[in-house]
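Presented sequentially are two complexes of chain A, the first with chain B as partner and the second with chain C.
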Partner chain A sequence: MNAELIMRLRGLIRKEALQILRDPSSIAIAFVMPVILLLIFGYGVSLDARRVPLALVCENPNRDTASFTAGFFQSPYFVPVRFGTVQEAEEAMRARMVDGIVWLRSDFSRRMLNGGNAAIGLLVNGVDANNARIIEGYLQQVWAVWLAKFDAAQGLPLRIPVQVDARVWFNPSVTSTDFLVPGLIAVIMTLTGALLTAMVVAREWERGTMEAVLVTPASIHEIILSKLIPYFVLGMGGMGLSVAMAVWLFGVPLRGSLWLLLASSSVFLLCALGMGLLISVVSKNQFVAGQIAIIVTFLPAFILSGFVFDIRSMPAAIELITHIVAARYFVTILQTLFLAGNVWRLIVPNILALVIMAGIFLGLARRASHKSLE
Partner chain B sequence: MLHQIFALVVKELLAILKDVKSRMVLIGPPIIQLVVFGYAATYDLNHVPFAVYNEDRSQPSRDLVARFAEAPAFQEVAVIHSDVDVAPLIDKRKALMVLHIDRRFSRDLLGGVPGHVQLIMDGRNSNTALLVMGYANAIVTDFNTWWAARSGGDKPPATLDIRSRFNQNLQSQWFIVPGIVALLTQVVTLLVTALSVAREREAGTFDQLLVTPMRPIDILLGKSIPGLLIGSVEATFIIAAGVLWFGVPLRGGFVPLYLGLFLFLGSVIGIGLMISSLSVTQQQALLGTFLFMVPSIILSGFATPIANMPPLIQDITYLNPMRYFLVVVRGVFLEGASTRSLTPQYWPMLIIGLATLAIAGWLFRRRLY
Partner chain C sequence: MPADTRKPIDAALELKSVTKSFHTKGRTVRALDAVSVAVKHGIVTGLIGPDGAGKTTLMRLATGLLTPDQGTISVLNIDAVSQPQRVQSVVGYMPQRFGLYEDLSVKENLDLYSDLHAVPEADRASHYSDLMRMTGLAPFMRRLAGKLSGGMKQKLGLACSLVGTPPLLLLDEPTVGVDPVSRRELWAIIHRLVEERSATVLLSTAYLDEAERCNEVILLHEGKLLGQDEPAAFTRQLAGRSFHVFAPHMSKRALQERISQAPGVLDATIQGSRVRVVTEQAVVPTAEQIVGGAAPDMQIAPVAARFEDSFVALLKGSVDVPPTARAAPAFTAAAPSCTPSGEDVIVVRNLSRRFGDFYAVRDVSFTVGRGEVFGLLGANGAGKSTTFRMLCGLLPASEGTLRVAGVDLRSAAARARARVGYMAQKFSLYGDLSVGENLRFFSSAYRLEGGHQRERVEWALAEFELGPFADATSRDLPLGFKQRLALAVALMHEPDILFLDEPTSGVDPLGRREFWRRINALAERGITILVTTHFMEEAEYCDRLVIMAQGRILAQGTSEEMRTRFRSNALPNPTMEDAFVALIAAAENHQVGSAA
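Now for the complex of A and B:
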């Protein structure tokens, strides 16, 4: 009985493998897509604002204003452009030529020398709120450096009673690539995993070849297994490529163990394949399968996984919803394994969640395919 | 001729809308996604969990800690008393930040030497870390001003007066919700058009369409108009929800907004039909859609600014219609931008639309031979 099962399974897997080799599109999904996507995104997605165009308006240029604006010319974060009046600068901001305006009024120097508290006007384009906040942070740094220099030059005691000494663990230079690339791998694997099975199996339903397989003595378990195994191998290949690129091309440190990464990726891939299988069995139509795949895989993995948007910032109800997004657990695992290391207390619960989700997807897919036989 | 195109439009709409499942796919998910993403896609931080490690325990250090604990951005989750407790809290994500005040803090402060506060942050999400650092710096700066005023020192020679234009409170939602208009409109329109030719080609009915008296331009129009209809209904719905439900201000007029929308839809439809006529099967069409859509969303400026990308990638984004439309929607919503000021965004979409539609029409005919 067992030998027969293995024989049938081997036959089915051989059939799937031949089908994959004959139609290059699944190989393209598994290998070409991750490489291209990771290349574009790894270089393209960044939250680090550098070389921000900034308008400088000095209504009455003199030594004092120059001492302040010098900081912007030295900072790697700004590309200052001088404007004569604040109206001109605002025009430039409306035309999206500058992201912010530094406005030193004509009485800057006079007020600075008489009792202090001269106001430095800062106007930041708030359309991109996140970027605006980051720019404001940079501006404050320039101001603090200037203040310290000013006091030192005047021979005054430091006017900053408390100094902040920030240490960012796991990512001391605070580069967004290191945190975005592991998340990208999760997004890309969600896509490939679900697309591989959703598209390929939906096509079999549409063409009727699935029913041809269903009437053979092979049981539903064997059919599902025979679909999963070849695509699992393909998907793990794509995963391996992505990790290699992350480490060698983008220089993201891999501080955790490779085995743990392999184990969690396998579980996640099973989850993604199971989701794809379920989509294809339920829709049985390529149009619907493709749409559902895009809607339930890519967009949630992009927005609800913690890949860019921190889950802790979301309202409680939305945070609850993120628990049904498999990518959420995988993003946490990947970010931790890459940047922090083997934090068992964090990784084990997340892997368990993935195991449960994989079980649910595969179980539902199995039940749904059984019903369709009747 | 007109009634023939009309008949084709009706047929296309029926093909998409008659099936319950595909109808549901067009209506249900966008609504759910709008609501979920509108709330989920945020960079604003509330209740950042932080732990206090205060070795000083004097009045000034308690004052400083109280300022953190009372700030809406922060939430105190733990008080620790030793160095070894720091790592587990951060590693397991129990706290995003540890506020460490060392033993010398109040002695330094009262002695006129700067006191040191150490912030230990979880850098796994570097953006969050940067924002938390910004919030923490603001609190410490407040404390500094207060302390300096209390101890009778001079006022600083100049202070910053920071304001932000167009989005005074810097709410992420005002940035993201207009972006969702572009995002979901593109997804739905692209799917509707990208599969329309491929489906007929797989079924063999496209050849029949080509032998009818209709010219390729008529077929092109018949295939484009349903996408335009569905896309504009979808976009209008999201725009309305953005204003009425999310309360994002719509400061500009409908003319610049809808001019941008129609040009955007035209270019998305052109790309969709081009993908569709290049592919022989629906699977290829879907794959092509994916290969276009995923990069076009990620490289559009929807979540991360285009200005941060390397020059080569920035050049690639000029081919992406969503890049221009995002500037239009955000410009009209938040800046009240006029048609004239948005002209640099309109014409690239027009060119992309005309070029891709022309290529699609040409491919229709060529593929038959």
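Now for the complex of A and C:
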């Protein structure tokens, strides 16, 4: 009896593997999609402000203003453009040719020497609030550095009594790639786990092959297992590829243990597979299954997992909803393992949450599957 | 499973007063209504009925895939309701779409089902070679199932359901849409199975002509059991009640119309140049009786009863037939009976259509005269639909000329379309719109407006007796009414050419008769009709037809000409299907001959 069970399971898994190998779309979702997403997010999308076009208006150019503005030309963050008057610069900002204006008035040097107050004006385009804050921050830093040098050169006492010695933990160079890529892996796993499984099981219903397999000695457990195992392997393959790209291509540090990464990914993948199975059993139609999978798994993983948008800054109601998004826990685990290390206090509760969710989804999928058409 | 503990088995499959209903969107459909049948061991039992009869529901109940609302089901002495898994482990089942994995090869499909049935590896080689010999699939073991022809897929599906050597085989419409040659081969395999392995087979089909190939027949209609018996027993009841009537001085359609109105006539259908009549009494009718007047040169000859005759008789006797179906009116307009004139309305010359280097249609030529009913006959994939799409101006021809209503389709497809009415194969109207809304929408699509549009909608509702359904949602109409609506829509702009694509597939014989009476009446009024069909018997309604296979025309002429061409001592009375099979064989011999 046991030998027969293994033979049936082997047959079903082999069939699934052959289908995966022959169907370019499942390979594309499992391996090409992660590469494309990682390349887009790794290289294309960045939350850092870099090469910001900046207008410099110097009403009375002299040695002091030149030494100040030189800082901008050396900075990797700005692309300065000189304008003769503030009016011209404002015109350029309206046309979105520049994102900020630094205005050095005609009495710049005099004010500096008199120890008077800030002699520069800053206008920032606030349409993109995030960008505006970043420009403001960078500019203040440039200003502070220059001011210290200026005062030292003039033999004046330091005007800033306390030097801010900022240190950024876990991501010292403050590159958003390090932060985005681990979260992205959670999104990719959701895609292979839930979307792919939902589609392939629905395809069997649509093509009538499920009906034929149901009328065989194979039990419903064997049929479910034969779907879980191949897509688990495929999902872990996609995971491996993503981690490899993260570490070797984008240079994201992996500070936690590989074993913990493997264990937590396995649990999350089971959770995603459970969701996929549940969706396909309910819809039995590839188009509907795809739609549902994108709406209830992929989009929440993108928006509500904390992968891009910080959960703590969400309204309370939305924050509550994020608790049923499995990707939320996995994003936290991945960001911790990659950037901070084995922080057990964070990882254990999140893994537990994933274990519970995987149990719920797999259990529901099992309960919804019958060897019948009703 | 030890066999000795079993009780002696009377029936391989037994249903006792089984009822099954489905609920969708507040509607309840009773798919099976208190059906009791018993399928005997070691024979082929046919489960026969039109679409919606409940065949698939019965199959799925027997496999434990559905549970009945009431009644008991016993399969090989196992209760299918309480122990579906045990049933599923022992029966062989082939669902309607064969259950094949198209991206797996023939061998891989067989391997999968062998694994599922735990066939020992050591036995497989001999087992497979046995199955391959039976199905003739041996040369295609490595081919992907998706790349097989329809007939080969069907055989592979059968082979897959056989790997576990099941004592009971349940086949759900295995022969639908398959060409007659493959159909015959499949039947040969099934009969060999029953002889060599003493298997029990339950096979469902909508083709009434397959009844004669079964040892026993279960006849279903709209969820009700009409009867279960040997096929001969059904036809025996009609002994001496079937006749061929031929009147040289009357058009066959007018003759059929008059006969079908006569008292004592159950059924009148056109068969070639004759009219086939089934009477209520086993007495040879006189001309006086059936046409209501003297017809001196009329010939009336008795013929053998067909299974379809008995089905129609059963339906008319036992089922509440709506009065309209009993006597569908010939169109009320007093139309002068007109015979096909010499004028050619459709001209097709050397028509070809290539897709890449594959010819879907190759060098096809035919002409259709005004008022003629012309048929394109062939299996799925023969090139009928491609030809049709080119005639409708939906697909440009690769080569050749096409003229419809005197208009060259290459230069003025839109102008030709305005003269053509088109009824698609599947119900292609808007299911969410009501009958009236569909009529108004499609008439406005043909630019009918204002008073004229209202007039045409009124006409359609009256002519097709759709008035009571004007506000009903089209999706919920019974199949026969949907078909009427589709025909009404195709006629809204008063076309003089009507294209019908597989118009009666799935419709029960009464619905089919009603439909053809309307078509005949249209033809009598001078409307030219082009129809595609894979029902060989439907060819009898056509004045002339072409038989297509693999994109080419194999034969052209009247159905009678084709049948007489293949008359022999072995086959003194060949059917349309016999003619078709012989034509295919001749074409293949020719190919082999020219290749050598």
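The working rule: the second predicted complex is superposed on the first by the 345 of 374 C-alpha atoms of A that agree within 3 Å, B and C clash if a C-alpha of one lies under 4 Å from a C-alpha of the other, contacts with A are read in each partner's own complex, and residues count from 1 in each chain.
Keep in mind that, in the parts below, a contact is a pair of C-beta atoms (placed from the backbone, for glycine too) under 8 Å apart; a residue touches a chain by one contact, two chains touch by 3 or more.
Just so it is clear, the structure is predicted and the values come from calculations on it, not from any experiment.
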Of chain C and chain B, partner touching more chain A residues: B
First (chain B), second (chain C), both or neither touched by A:Ile29: first
Touching partner for A:Arg63 - first (chain B), second (chain C), both, neither: neither
Of all residues in chain B, those that touch chain A in their complex: 19, 21-22, 25, 29, 33, 36-37, 39-49, 64, 90-93, 96, 109, 112, 114-131, 133-134, 136-138, 140-141, 143-144, 147-148, 151, 153-168, 170-172, 174-175, 187, 191, 195, 199, 281-284, 286-287, 289-291, 293-295, 297-299, 303-305, 307-310, 312-313, 316, 327, 330-331, 334-335, 337, 341
Chain C - residues contacting chain A, complex: 60, 63-67, 84-85, 88-89, 91, 93-104, 108, 111-118, 160-161, 164
Residue ranges of chain A in contact with chain C within the complex: 3-4, 7-8, 10-12, 14-15, 18-19, 22-23, 207-209, 211-219, 371-374
Chain B-facing residues of chain A, complex: 25, 28-29, 33, 36-37, 40-41, 43-52, 68, 93-96, 99, 108, 111-113, 115-134, 136-137, 139-140, 143, 147, 150, 156-172, 174-176, 178-179, 191, 195, 199-200, 203, 283, 285-288, 290-292, 294-296, 298-299, 302-304, 306, 308-310, 312-315, 317-318, 321-322, 332, 335-336, 339-341, 343, 345-346
